[in-house]
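Can you keep this structure in mind? I'll have questions shortly.
Labels A, B, C and D are assigned to the chains in the order they are written; within every chain, residues are numbered from 1.
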Amino acid sequence: MEVDSKSISTQALEELSKELIQQRDLGITEEGERLIELQIGPTHPGSGHMRIRVWVDGDIIVRCDPDIGFVFRTIEKLSENRIYMKTIPLVERPSLLDTTPMTIGYINALEKLMGIEPPPRAKYLRTILAELTRIASHLYGIGIFAIFLGHSTGFMWGFGDRELFVELANQLSGARITYAYVIPGGVRRDMPQSFPDNVEKALRYFEKRLPDWYKMFLNNPVVEKRLREVGILRKNDAAKLGITGPNLRASGIEYDVRVADPYEAYDELDFMVPVADEGDAYARALVRFEEIKQSINIIRDALRKMPGGDIIHPQIARMFNPLMKKIYEESRRVKFPGVFASLKPPKGEATARVEAGRGEALFYLVSDGSPRPYRFRWTTPSYRNAILFKYLVPGHRLADLPAIYGSIDYFPPEADR
Amino acid sequence: MEGGLVFIGNLDLTTRKVLRWLVERKPLKDIVEWATAFSLWPVHLMTSCCGVELGAAYAPRFDLERYGSLPFVSPRQTNLIVIEGTLTRKMARVARITWEQMADPKFVIAMGACAIDGGLFWNSYNVVRASEVMPVDIYIPGCPPRPEALARAILLLQQRIRKRGLSRHDLEMIESTIKRIDSSK
Amino acid sequence: MIQEILLLKELLGNNEMIYRTVIGLGYMLIYPGLIMIVIAAALLLWAERKIVALVQLRYGPLWISRRIGGALQGFADLIRFSFQEVIIPRRSDVIPFLLSPGLAILFSVLPIAFMPVSPYIKPPIHSDIGLLAAIAVISVAPIFIVLMGWASDNKFAFVGSLREALLIVSYEIPFIISILSMGVMFGSLDFYEIVERQSLLPGMLLNPFAFLASFIAMLRVTSRFPFEISEAETEIVAGPYTEYSGLMFGLSMGLAYIKLYVYALMVSLVFLGGWLPIVSGEGVIGGFLIPSLIVILKLTVVSLVAVFLRAVYGRYRIDQAIRIGWIHVFALSIVSLVWSIILVYGGWVRWA
Amino acid sequence: MGVEVDFEKISEEISTSIENLAPEKKRFYKVTTPSLGPSVVRNIEAITTGLKYVIKPMRITIDYPRQVLEQPPWYRGMFRLLENVCIGCSLCDIICPSDAIRMVLNPEKKKRPVINWGRCIFCYYCVDICPVEAFDTTTIHDMAFDKYEDMLTNLEEFTKDPREKDPSKGAMRMRIKFDEKRGFVYEPTGKKNGGG
């Protein structure tokens, strides 16, 4: 659909949705008194941490207005009053499902400020953990998507298979989901010896289960019927609305930060990025499954190409006291030198971006030479995708709302921060 | 049968007395407590990011449904509310309303550091503690707590219900509410 | 004591009225009536969660009674609900709000009065149009579900009851047509004759179209997946039951399972040959208990298959479900009717 | 209302920048929806897949209070202070992201940390920054508390071994083993949890 309007604002968006409704031939031309306002609020099994206000005419949604901000925790403001190290756990919390890409982004910006670059082994370890969390995040998204469609097995399988990757990350970093694994100049610990073997076994198991996944979920006639032709996002509109991540790629735009602006070890690894043309909910689910397959490839490739050597920048390793040095050499665990309690990057500003599970995240860090950042700005993928509610939902039936919500894999805490 | 009058006095009060007498009898009381302990259904209210681990706790690997706990849809039909992490000011209102919508007897679990004491967001202007909003029965530390910890909390709550009884729980809830109202004055 | 029992027996044996009243009341209230239904509903609730848990790589309810796999779970839930507070929303229409769950259950249980489970003891109302009467009575129940949603004064409940009303129309009719096509084929609406005439081949093989159509329609009418649309939790919370709490919700939750019991009983009588292979028997054990257990077994299989589908399917959108109902299931039921007529008038089936 | 934006221009810019930014076009591939069979076949496939799991269950549940997972030794669980090792440098207090650690004076007027478990996020920054390894770490991770006061520690309690209060004491310890066929299986280690 071509939209002629040269400018887009809230008004224009509403007009757009009206136009969409007319195009879909649903016979609704104007809002009358027949509208019922439904508040699909926070205490609702189909809402998550947000309220979605919808106006329905009979069964058809005329207007949809997401009420966000239920999980707004003032992270950007808090980080201005904290030393740089303390912000690492802070950036993990909003997107608890894929914490590593977020920490990588923040640390990359910080490392740019400090002018250091981690050793190659640390880069590979970061990449592996990031891809493990990406798989876990996609499986979580698919699980939630499935339960929104009433498909409880999809939910349980998604969460059950996710445990596999969560457990692998647990073995690597020592925590289930909040790893705080990435630190300035490297990572906190080396991988254990049995890790590559375990990863290979887990990946093989998951690949063996994928046919069952397809039979049960994607090829299931009920699921397919619910998803096809629902919530179509065209290429033009996706670019105009500034959508990121798998949602963007499901609309046919070939854009991925891992390819466009490689960070960590991505430029040395073999992988492909899936793109679909349809732009409907089914395509978005399909792209997620394909991305899981590609992430498996990345992990395998990274483990194969894993270089040896240090896992922390020598400049930091130099600051270790003898006990720390002994621990680092014996158990490959990085202790923090005292300077981490007062990191003072030189004056300046830095940006970094990463491809998180749900799309591109942008980090902007300004330092004034003090131990606390002057300004920390952070744009998360869900924040950008939030507009899809207003745009995709009108014109569909009430039952399509959870399908669309699930398909865009929107995680409210990530958007609110 | 004194005086030959049975239907005397305040009907409402009499029914209450009879009900109380009936419910306080030993076998019935035990059965009700047993049934409540094995039927703790948490309401679907995702307050924050610990909901991820709540999902994992009800997922195949930890499967809290083994204890008879089943996440259910609306506040009216449930008796457990798990505050999953940070309560922002906006969400605290919703949580309080949800808690009030639930039918007695009801229980509250504060999950995660943020719900207990602010956690990482201890000095955020937009974050409140769960115990400021509703009486909390069980606290689970951690950020986020592991699913095992949630299982432990449910087991602890079951023990508490069966050992201390439901009427005691009601009494404590009323007392804590009065205390909170007094302290806010 | 023994003397008293003998006296009672004598008294009952002599007085047909009292005998029939006692038997009828026992039939309706104890077995296979109300109490049996409640036990079956509680066990079915548990069985559903267990079967679904099998597919989902986990255990399901267990800790409540480890030795028997947590089979008491359904009872615990029902007891907990019975003793929880009942909240009546201020703006609800109180009398319909309180009465409709009970009435819905009443009209769901009443068809038992027409349906036999054994050759020896007859149901309280033994009529030669029992099939028609049972269908007619059970079709009343959904009206009270609609009433529940209406009386709650909740938008989600309202939407849910509208969905229920829409869907009931589009699936009750195929169900009635396909069941009646069996009546056409057997040349009778009497359950006894229907069961007798399946002694060679069960009804589901004689008319597979009718079986398929009525099974799919049964899934919808008892609100099972993939047609669990009126209670779609991620869309409209719990549909008509959103505002119900405590005992009232316990009743509403049991309602779907009670309906499943009754519909599965009907299906097992009409399509699966009822108490066959036992043809007739004498005495309480041979003539009532064993045949009725065979019926219960068949009924259990039907309802377990119905609840198993929760593990496989999501739910349809309402327009899709209505389209399937009016196009596919309705067409299937018409085919079954035509098939029956061909069989009967072509002389393929002949009843004495 | 709203800010007027020239969207055509931005759209063009985006598309050109996308062209420029993605030099390796070969990194992208089209996902085409596989041609799905007739719905009857797919229905039967889905049901048989479900039945496969009913007949041959593949449970991955751990029987929690009876069995506990054995975590890797570097798992971030509860920890305690070794008071005689601590030098009172306050680095743990400074780096704690959630302000859970507070320095108090011990009877000898020396600074020692105490922790508020209710606020701790188990990031182990304090453990890692300690220059003398004054924290003794465990893998206990399944604590739940009845009262708020139980989570606040004083110096005496913080130096007590948390293993003594392990809630799943006596449970069978299970080791995770990754497996190609079943995902993961739990192997009994033969050790009871807690105590020794």
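By our rule, a residue touches a chain if its C-beta (ideal position, glycine included) is under 8 Å from a C-beta of that chain, and two chains touch if they have at least 3 such contacts.
Predicted, not measured: the structure shown is a model, and the values here were computed from it.
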item	value
Most widely separated chain from subunit D, with each centre as the mean of CA atoms	C
Which two chains share the largest set of C-beta contact pairs	A-D
Subunit A-subunit B separation of Cα centroids, rounded to whole Å	33
Length of the line joining the C-alpha centres of subunit C and subunit D, rounded to whole Å	47
Intercentroid distance (Cα basis), subunit D paired with subunit A, Å	18
Multi-partner residues of subunit D (at least 2 other chains)	46, 49-50, 59-61, 97-98, 121-122
Multi-partner residues of subunit A (at least 2 other chains)	44-45, 89-90, 153, 156-157, 160, 163, 178, 216, 220
Where subunit B touches two or more other chains at once, by residue number	59-61, 63, 66, 73-74, 101, 120, 123, 143, 146
Arrangement of touching chains [line / ring / star / complete / other]	complete
Residue ranges of subunit A in contact with subunit D within the complex	5-12, 82-83, 85-86, 88-90, 153, 160-161, 163-164, 167, 170-171, 174-175, 178, 180, 188-189, 192, 197-198, 201-202, 204-206, 208-209, 212, 215-216, 219-221, 224, 236, 239-240, 253-256, 259-261, 271-278, 282-283, 286-287, 290, 321, 323-324, 327, 333-336, 338, 340-342
Subunit D residues touching subunit B - in the complex, by the definition given at the top	59-62, 64-65, 68-69, 97-100, 116-122, 141-148, 151, 167-168
Residue numbers on subunit A that touch subunit C, as the complex places them	36, 38, 44-46, 59, 146-154, 156-157, 160, 216, 220, 222-223, 225-226, 397-402
Subunit C-touching residues of subunit B, taken from the complex the two chains share	23, 31-32, 34-36, 38-39, 59-61, 63, 65-68, 70, 73-74, 76-77, 79, 101, 103-105
For the subunit B and subunit D complex, residues of the former touching the latter	60-63, 66, 113, 116-120, 122-123, 131, 136-143, 145-146, 148-153, 155-156, 160
